[in-house]
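Shared chain: chain A. Partners: chain B in the first complex, chain C in the second.
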Partner chain A sequence: MALNNKASYEKALRSIRLKRLLSDNAILVIWVVFFAASLLFVEGFASAYNIKNYLSNCAPLLVVAAGLTIVTLNGGIDFSTTSVISLVSTITAYILVKTALADTIWAIIVAFLVGLGIGALVGVINGLAISGLKMPSFVATLATKLVFSGVAVWFGSVFYEKVSLPGLPAGFTAIGGKGNPNYWFIPLLIALFVFVLIEWLLSKTVFGRRVYAVGVNPRTSQISGIPVRRTIFFEFLLCGLLAGLAGLMYTGKNRAGITTLGDDMFVNIVGSVVIGGTSPAGGFGSMRKTLYGVLFLTLLSTILNLLGIPYTLYDVIKGVFVLIAAGLELVTRRMNIRAAAKAAKMG
Partner chain B sequence: MHEYILEMQDIRKSFFGVEVLHGVSLQFKAGEVYGLVGENGAGKSTLMNIIGGVFPADSGGMLLNGEKYKPVTPRDARDARIAFIHQELNLFSNLTVAENLYIDQLPKNAIQAVDYKHMRREGGERLKSLGLDISPNALVSDLPMGIRQTVEIAKALLMNARIILFDEPTTSLSQKEKEYLFATIRALKESGVAVVYISHILEDVFELCDRVSVLRDGALIGTRERDELNKDDIVSMMVGRKLEHAYPVVEKEIGEVLLTVKDVQAPPMVKGCSLELRRGEVLGIFGLMGAGRTEFVRAVYGIDPLKGGSILFDGESIQKPAPKDCISRGIAFISEDRRGEGLLMPKPVDDNLILAKIDDIATPMMKIVPNAVVDKLTDISIQELRIRVSNKKLQMATNLSGGNQQKVVVGKWLMLEPKMLIMDEPTRGVDVGAKYEIYSLILDLAKRGSAVLCISSEMEELMGICDRILIMANGRFTGEVHKGSFDPKTIMNYALQGGEENG
Partner chain C sequence: MGKARRSPLEFALKYGVYTIFVVIVIIFGLSNKNFLSTSNILLLLEQSAPIMIGVIGMTFVMMDGGIDISAGSNMYLSAAVSALLMTRMTADGSLITSAWQYILFMLVSLCVGALIGFFNGLMISRFRIVPFIVTLITTSIARGLGMFFTDMKLIIVNNMGFKFNDKSFLGISLLVYIAVALLILFHCVLRYTTYGCQLKAQGNNHEAAQKLGINITRNTLISYVLCGALCGLAGIMLAGQSGGVPTSLAEGYEFIIIPSAVLGGISLFGGKGSILPGCIIGNLLINTIVNGLTMMSANPYVYTIVRGVIIFIAVMVDSLNYKGEIR
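== the complex of A and B ==
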């Protein structure tokens, strides 16, 4: 390349960086605009109560979406997250209320361990089916989702005789921010911890680099010495564990075991990951992006609620915004790709 | 009739304010095979894309049979009866041959549904009339690469193309398929089609072309008639300097045996192969397509299952080879499929370079990959291998030229300082200048005491860099020649000994 082109090349590079910054943070920008507008124009939004409420709605969603982010980075999907939430809720409430341990500190400890254990168990089954038997994650997790949400409903029907079991001790509901007005920040701390941990895991560790590499091209990864199957196994194990943790948080938040707790959550979980900008095809995205997606989707629900929009219209409006947001994200990403390709041709 | 069927006049094109074509003028004649050579990045693809209507030129014009030709979409090029045969074939491998032939103008029947019957019958007849023995019902994915290319050519002929542009058409073909392709191209020429032939393989260009033009850095350097073609001349026009030798000369010493392979089997392609490889030695494996050379090294490296035989490496027996295990023993492997198995195409250059090294540089307990180390190592690699990349974090592997892509793959493995390097087709789709650099890298590695096992279908390349060549045919080694007594005829005779034709 001739020297007199250097300046224009530098200019092109700057423009790529700017576009990349924009496309990386598109949803964050939209969120800021919406948040600011809500503060100004939506009655009841700018109150401490509401902001607390908004954040505590974000917290468990971020935890379960963190797990799905890892799986999505590999081009996979995990339908079973919602069934883990339902099953964890059903079983832990039973332990806390109906077993001989009830009303002791042991009940709470056992409930936590069992909750995480259920998540890990489902994760291990998914992981083995997908990495060992090479089943598509779509099929494997659809099957485990059916099995475990089925188990939850069955368990409830036999041992609860209804769909929910209230009366959980305050020591347990604290994990969902309930039981004492001062507990509200606990789920936020958990979510923050999970966010930092997964962001660190994905961006700084060997495991993270492997996740991205396998997500782009498992053949290249294998030949370059990456343990592809082990990586996939741990992705699903982590996803299950985090879904278990989220199940505990949701159960505490609702102060009851609910056998169908996770049923209508899937759209929000997948929505957060994908709206945030993690590609369902794998290899591209981050924990940070999922945070934006969680903040945005939850904000939308909060606004609709405050505006008194009929519940029946929620999905319609959410869907429209999701389309707009996803479209914007896509446009900026394409700009980005084109710019990079052009710069490469010149370089 | 005009003298030239297509004339390009002073074509200029810029991206981002940087001119990549500096006023190129070319003239193509009907009934002529026109060769276009140049390093990757010389502007050949840009030129093709302008002819094909993928994007317009900034200035300059084109005349098609004397009339103004200004394509806006690829469809305009098709309407003008200009066809392209790309390096990566543009066939739908999940569809049948007939469906592929008619893909852009599917015949309809009375109720406006696709008329498969008509398509099969007509398609079959057209194929037969072209002298092709291919069933129109065959799935493209079931056909060998050579036949697939013939289907592409048939597609071009079905649209009655006046101009056909071939872009690196022989990269995935066996010798026999190549000869068939050349015969087809000559027949096309006889029938008055203008053929434009773009290739890195100068021997092919010399064999086929009536006129050859050299492009370099977006400018036309020169054009030679058939009778004044001279390899040194063309090569120095391409690289802008006179190459002393096409292959680097490196003084090195051959040490003790590093790898002993005995009677390795990997059915159905590998039927018992044994070899010894010494430190500092560059051993070539030559064979025609389907001889089993790729399958042999893949079994040794553990990508494909090993079904018998023994492997002794560096004094230790490898029972069940697997890539990760091989890497930790000091074996590196460069696949023939750079895009599918060598690189993370949509990822940046630095991520690609460090891929096999992340375990080594990670902190022992927390397994953190220190970014500063990644930065340093990849910088060194880019510098030492002279990888042409302006920003390693922003530039993706997919945006690099073939030669630079291959350098990234080589760089990834050199970072591990391997005791042995296995390379399958190390310079496929790589331009002349980068080829020379890659040969130097291989030989330097051998000079430092590593062993190199190199597979290639370019015999000349093996004769240029190897100390010894094993010839493989039909799943077995059929011959061995040593440096000093390399002779193309001997090698080819060994390669043909398998008794089976492959195609």
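== the complex of A and C ==
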């Protein structure tokens, strides 16, 4: 009887592992299928130029989505990422083109520091509002988003007198993979670095453990002695910083400062996180999943573009995918929990 | 979470909004002669009316502790569908004149809105996806669909005879009467019906409400449908008021509606506040600020910043009393 029990226990464990493996990597499988199908059936997809383009579209999105992943793991959200991208773009372009520093190496260094600084500043404001003032993140960041995207457009209207400022130096645009020598791999390297860094941070450090713990249950974490507020503050700080870095990359990629650069990006950013399988309710997910989400969502945009689907429907189609993914994540998580409970009962 | 005892801070918040309102009216009134003229006040009321209707809907959603970011896009899609129907019906050159046609178009818009609300509610109450993710996605879905249906063109509804500018009674626009009627109706719904009381109870504590036998799934669903329907109605009213349905109709209005409700004392954490006078004062305050800034001919890009700051302060004050989890 005992033997039988043990056998069925192991069988249950195996089925859990299989299910978990499937649910963890489902989106990767779907991505492979989509990728193979579009290589075969979508005209213009299977070219070196297109693949290069696809990868360089993924890179900045991965950087900003990495920040949002950390925040989402805590059940929060950061709407202000898009405004950070716009503001960074607006102000760095101004520094690079219109100030006294223009055309020197100093302009590029200052622009980098200012870009990251703006991201950190917005992150600090969000972090203080959420961890200190206990504001819910979705409203606090909505407010900061409005303020900073307003500042970006206002800054542009006063100092550019139009919405974009082209003519950035080649030394700067290299960060977005543009420039006279072919720098297309630079954003990929940055994205890879960010990916490895955040993956390490989330899975191998105390901070990462705390992020998951706070995401699953803030009250229990508080009682167990985890500095909940400090963890949340650093989450938003990191998210802001990474959004600032992504803003620099997007600016370089577009070779211009655009005051509304980030405006339409939010569905992509939050979509990559949610499609990857990170739970919007917090506690479950990983950086790896976000990578899958980014790959999938960018692939979707590329295919839609190549197939000539009307531009207005892009967000509709992406939105449907995001909602399906969010629903599936919930179903698989419930299934896993049920299976684990069953196994625990047997053991 | 809501407490029966009233703290000094809550007291200050409740009357603080009125004080700020009076101060702002005095400042704008002194700096601009036309600000306190009858025509400007009537204009202010008329402009506030459609948004006020959206705020009523948002109150129901927020009473449950949820949020509906899709309000603005919902208004656009509903108005766009209704306006497309109008172009079909007036294709032979006839004009929309009878009251029945007006009611028909308003009902169409309301139904489209209710459908979007139903979708939101279903996703949130049945599938338990976080409200701000669902409604964020429906925001882009609704606006994308509207742009697809209208081919990104401006539909001018005034030319087809659909306008509210000339419809007034005793000098006050028809829109204001509709808004006031709905305010009173839904105040009673929230205050005196079983549904309203249950919603308030579950907003305070979902688990406890469920244990008491309240059908929280159904109530949440109804609150989102109500919000959607009212936003749909508000959308067509906005179109009739401004004369057309551009692709940017009501863009970002959720950022007026949500802070209006919060300023009116309806807590983001659920279970607190009432429609009268909460909805009115918050919305009037924000519209007065925007109207006053327009009259002082401020840089239009500053409005967004001002709106953001208002939301931030309103929510900050709302959160001071909150003792639950931070997310």
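Going forward, the second predicted complex is superposed on the first by the 328 of 347 C-alpha atoms of A that agree within 3 Å, B and C clash if a C-alpha of one lies under 4 Å from a C-alpha of the other, contacts with A are read in each partner's own complex, and residues count from 1 in each chain.
Note that contacts are C-beta pairs under 8 Å (C-beta built on N, C-alpha and C of every residue); 3 or more make two chains touch, one makes a residue touch a chain.
Because the structure is predicted, anything quoted here is derived from the model rather than measured.
Student: Will chain C clash with chain B on chain A after the two structures are superposed, or do they fit?
Tutor: Overlaying the two complexes on chain A (C-alpha atoms) leaves chain C and chain B clashing.
Student: After superposition on the shared chain, which partner residues are touched by A:313: those of chain B (first), chain C (second), both, or neither?
Tutor: After superposing on A, A:313 lies in contact with chain C but is clear of chain B.
Student: Taking the superposition on A as described, I'd like to know which of chain B and chain C A:283 touches: first, second, both or neither.
Tutor: In the superposed model, A:283 contacts chain B only, not chain C.
Student: Which chain makes contact with more of the residues of chain A, chain B or else chain C?
Tutor: C
Student: Figure out whether A:53 sits in contact with chain B (first) or chain C (second), or with both, or with neither.
Tutor: neither
Student: Given the touch rule stated above, what does A:76 touch, chain B (first), chain C (second), both, or neither?
Tutor: So A:76 only meets chain C here.
Student: By the touch definition at the top of the document, which applies to A:140: first (chain B), second (chain C), both, or neither?
Tutor: second
Student: Between chain B (first) and chain C (second), which, if any, makes contact with A:305: first, second, both or neither?
Tutor: Neither partner.
Student: Which partner does A:327 contact after superposing on A: first (chain B), second (chain C), both, neither?
Tutor: Only chain C; A:327 stays clear of chain B.
Student: Using the touch definition from the top, say if A:219 reaches chain B (first), chain C (second), both or neither.
Tutor: In the superposed model, A:219 contacts both chain B and chain C.
Student: Report which listed segment of chain C has C-alpha atoms clashing with chain B; options: 39-47, 75-83, 201-209 or 255-263.
Tutor: Residues of chain C that run into chain B: 201-209.
Student: On chain A, what residues does chain B touch that chain C touches as well?
Tutor: In chain A, positions 219 sit in both the chain B and chain C interfaces.
Student: Show which residues of chain A lie in contact with chain B when the two form their complex.
Tutor: Result: residues 1, 5, 8-9, 11-13, 16-17, 20, 204-210, 212-213, 216-217, 219-227, 283-284, 340-347 of chain A touch chain B.
Student: Please output the residues of chain A touching chain C within their complex, sorted ascending.
Tutor: Within the complex, chain A contacts chain C at residues 74-77, 129-131, 133-140, 142-151, 153-154, 157, 218-219, 228-229, 232, 266-267, 270-271, 274, 280-282, 310, 312-316, 318-320, 322-323, 326-327, 330.
Student: Per the contact definition, I'd like the list of chain B residues that touch chain A in the complex.
Tutor: For this pair, the touching residues of chain B are 15-20, 46, 301, 303, 323-324, 327-328, 333, 335, 340-347, 351, 355-356, 358-359, 362, 366-369, 388-391, 394-396, 399-400, 412.
Student: Under the touch definition given earlier, write down the residues of chain C that touch chain A in their complex.
Tutor: Touching chain A from chain C are residues 67, 69, 123, 127-130, 132-134, 136-138, 140-141, 143-145, 147-148, 152, 255, 258, 262, 268-269, 299, 301-305, 307-309, 311-312, 315-316, 319-320, 322, 325-327.
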